[in-house]
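Structures follow.
What follows is a pair of complexes built around chain A, which joins chain B in one and chain C in the other.
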Partner chain A sequence: MSVIFKKTAGLTETDTHYCPGCTHGVAHRLVGEVLEELGLLGDTIGCASVGCSIFSYNYFNVDMIECSHGRAPAVATGIKRTVPGKTVFTYQGDGDLAAIGTAEIVHAAHRGEHITVIFVNNAIYGMTGGQMAPTTLSGQKATTAPTGRNAELSGMPLKMSEMIAEVPGATYVERVSLHHPKYIRKAKKAILRGFTYQLQNRGFSMVELLSTCPTGWGLAPVAALEWLGNNMIPYYPLGVLKAPEEV
Partner chain B sequence: MGRTLMKGNEAMALAAIRGGCTHFFGYPITPQNEIPELFARELPKAGGLFLQAESEIAAVNMLYGSAAAGARAMTSSSSPGLALMQEGISMLAATEIPCVIVNVMRGGPGLGTIQPAQSDYFQMTRGGGNGDYRIISLAPATVQESAEMMQKAFDLSHKYRTPVFLVSDGMLGQMMEPVEFLIPPSTKPAGDQSWVLSGHQGRRPPRTIKSLRLDPAMLENHNLKLQGKYSRITRRESQFESYRADDAELLFCAFGSAARIVKNSVDDLRQNGRRAGLIRPMTLWPFPFPAFRVLPEKCKSLVCVEMSCGQMVDDVRLAAGGRVPVHFYGRCGGVIPEPAELSEYAEELIVGGAV
Partner chain C sequence: MADRRGIPHIAVERCKGCGLCVSVCPEAVLSIDESRVNLKGYYPVTVESGESCIGCLSCALICPDVTFTIELLDDR
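Coming up: the complex of A and B.
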């Protein structure tokens, strides 16, 4: 009997704490698979951020460091500048990257740090219980936006990838989605591309993964996937926002 | 290099490079700018890395990453910048990452002034970040001592796996004095590297540097482990200088810039037949309580002098333990006390019968 499918060596045997239907698991697997396929597991240092993904240090089969809220790109900078031969990535949610950590992400991109940023955007603060994030859609309900996000009060949702793509130091920025197998395969290609650019010392790469938060959104897992496709993608269009010209 | 005239800030930076510092991360703020400027010039020549951060918050987090990856790394700033770094300093203490942080103090609160002050004694000894932790705080009083303590700071930080503060101020950092680098250049310590993030190479389980422990029992254990370390540091590392104190009736207590001014007052008072002396804490934490365990036999009162509204005086009162009265004399907001005014204050105490 031959093995036709197995768990990636990029993840540990630890059960994750993520809610049923949450796409963090898919995102983890994709990152783990890419690191495994590139043969990088023994030479990678990951930066976990504050939010649901803080425990990612228990799940990735690589050396990891826990970072204060929003600071992962600065910590990753310190690591990469110290051990430039290692592969360094951050795994950050939208509360972490798009709110408290905007300075750190912009300036890591600005300096052209040779790091890869995995940006999980589920349009809400998951870990703290479903509060509004800068990425929460207009009209979307959250515990701190009980009648839905009001643009007059809180502004329109922030498009981080578009912002980062405008930063001269950024090399590669792509937005992908995890709501459907077809899109998940594209997401893996984007993550692979992000890490490949780092291996080639070609600078800063960021892959935004549109993700679900069934618990925070108050939707069943399948309905959450559909909601992502119907509501998030129209506002956060998928595709490459910046990439180096291929030789 | 023989005796060279240089600023305190420059001496600290050069001493750090001699101490094996390879990575510096910082953000401009007066009056410490000579430190990053010297690193920017000299560190690349020594094969190291200087990187200017977008904020003090980013700088301390870069420091965290760099030191976690095994570098002898440091940052420097001045009072409001240190306030911004406190989140990261709490993290560095919690995760037991060795590194050095220089504070060239200026007057506060708020933006205050760029003139020298000692009003960060609380910030340097009472945390500032969240949680139960302590940071070794070294307080030089001369440019020479700034250089020596800087080299020692790296060794201490590695010995105990803890961040170390070097507490200077705008006067000490900006003034020029002859300095001689007497301590041989340090080589990278071959100590325990089992915590360094280096990639597991498939030969060991993945390593994690973290502070989060949601299980109260586990977090309590971690705290108790840290406290054990702080107790060892308290027992072994407190340091002070005793100046003409043996027969003192009036014993000053001052650190850093204030202490060197007080020395002049002690000499003046002695010339006028007053038996004055000085205890100068060289470590602010651990505070040198042993220096006060046995007071000079004739000591009638302690006078704490600070360039602040009175912060270290809390520790001096604890050290005195009610045996003798503790008086306080402070100038603040960037004002530097003159030896004559300190002597005058002491004379008033003596004439008024307080001593």
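Coming up: the complex of A and C.
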């Protein structure tokens, strides 16, 4: 007999506070597995954000720092420039990265900082109670959009990966999804690629993970996976948006 | 060709009973056990028909709480 799957050493023994069925836990595990497989657990500094992922410093088995809301890429910039031998990543949700932190992420990409950004997009503000985020889909209900997001009032959902891919300083941008095991395998490959480019000093990489928020969406966990596949992927198409030419 | 045979192990106290694993298992190996609650207060997942497990890892991949450890039987 051989063990073909076990909990990665990249995660601590602490149970997460996430709601049942929230795919934040999947995203955490993938990052932990990639860092373990690359042998980086002793050499990585993670930058936690504000949002549901605010306690992620309790879950990743690496050195972590808690950043002000939206400022994780700026903090990561300082760390990476101070200790360039360390692997530095940020773990941010859409309320953090796509709203209050839009300036920081754009300019970190623009400067071509050698950091890896893990961007978890669940199209809503989870921690604060399901309010509308910049990434909330048109027509999607939120506590601050009880009849659904109205594009005339709130604009269309912001596509961060497309935006960052247009920034000249960005090296690698890919959008993946966590709603099915098949896609989770692809997501892990994307995260691996993001960290590999950082190890090669090739610049800024960002992986957007489409994620569920069963509580914020008002759906059962399994229904939330289906909702993601049926509603988010058509608007947020999966795939590599930018990558170095030779790969 | 020998059948691929897996053995799922469940860390019951990590489970939040979300049922994502049950929904993706192609062989209906898993079910939610509503006859007990774990320390967190959830109905945990349980192995319903372990002999059907093919070790595809779908449950382990989708589980947000890293509840599963999967072994593969080599001698089949």
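Note that the second predicted complex is superposed on the first by the 244 of 247 C-alpha atoms of A that agree within 3 Å, B and C clash if a C-alpha of one lies under 4 Å from a C-alpha of the other, contacts with A are read in each partner's own complex, and residues count from 1 in each chain.
Rule of thumb we're sticking to: contacts are C-beta pairs under 8 Å (C-beta built on N, C-alpha and C of every residue); 3 or more make two chains touch, one makes a residue touch a chain.
Worth saying up front: this structure is predicted, and the values here are computed from it rather than measured.
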Which of chain B and chain C A:Thr23 touches, first, second, both or neither: second
Chain B versus chain C as contact partner of A:Val222, first or second or both or neither: second
Partner chain in contact with A:Pro146 - chain B first, chain C second, else both or neither: neither
Contacts of A:Ile45 with chain B and chain C, given as first, second, both or neither: first
Which of chain B and chain C A:Pro234 touches, first, second, both or neither: neither
Contacts of A:Pro168 with chain B and chain C, given as first, second, both or neither: neither
Comparison of chain B and chain C by chain A residues contacted: B
Chain C - residues contacting chain A, complex: 6-7, 11, 14, 16-20, 23-24, 40, 42, 55-58, 60-66, 68-74
Residues of chain A touching chain B in the complex: 12, 41-45, 47-48, 54, 57-58, 60-68, 71, 74-83, 86, 103-104, 106-107, 110-111
Complex contact set, residues of chain A against chain C: 1-8, 11, 15-16, 18-26, 29, 180-181, 184-185, 214, 221-222, 225
Residues of chain B that touch chain A when the two form their complex: 23, 25, 49, 51, 53-55, 57-59, 61-71, 73, 87-88, 91, 95, 197-203, 206-212
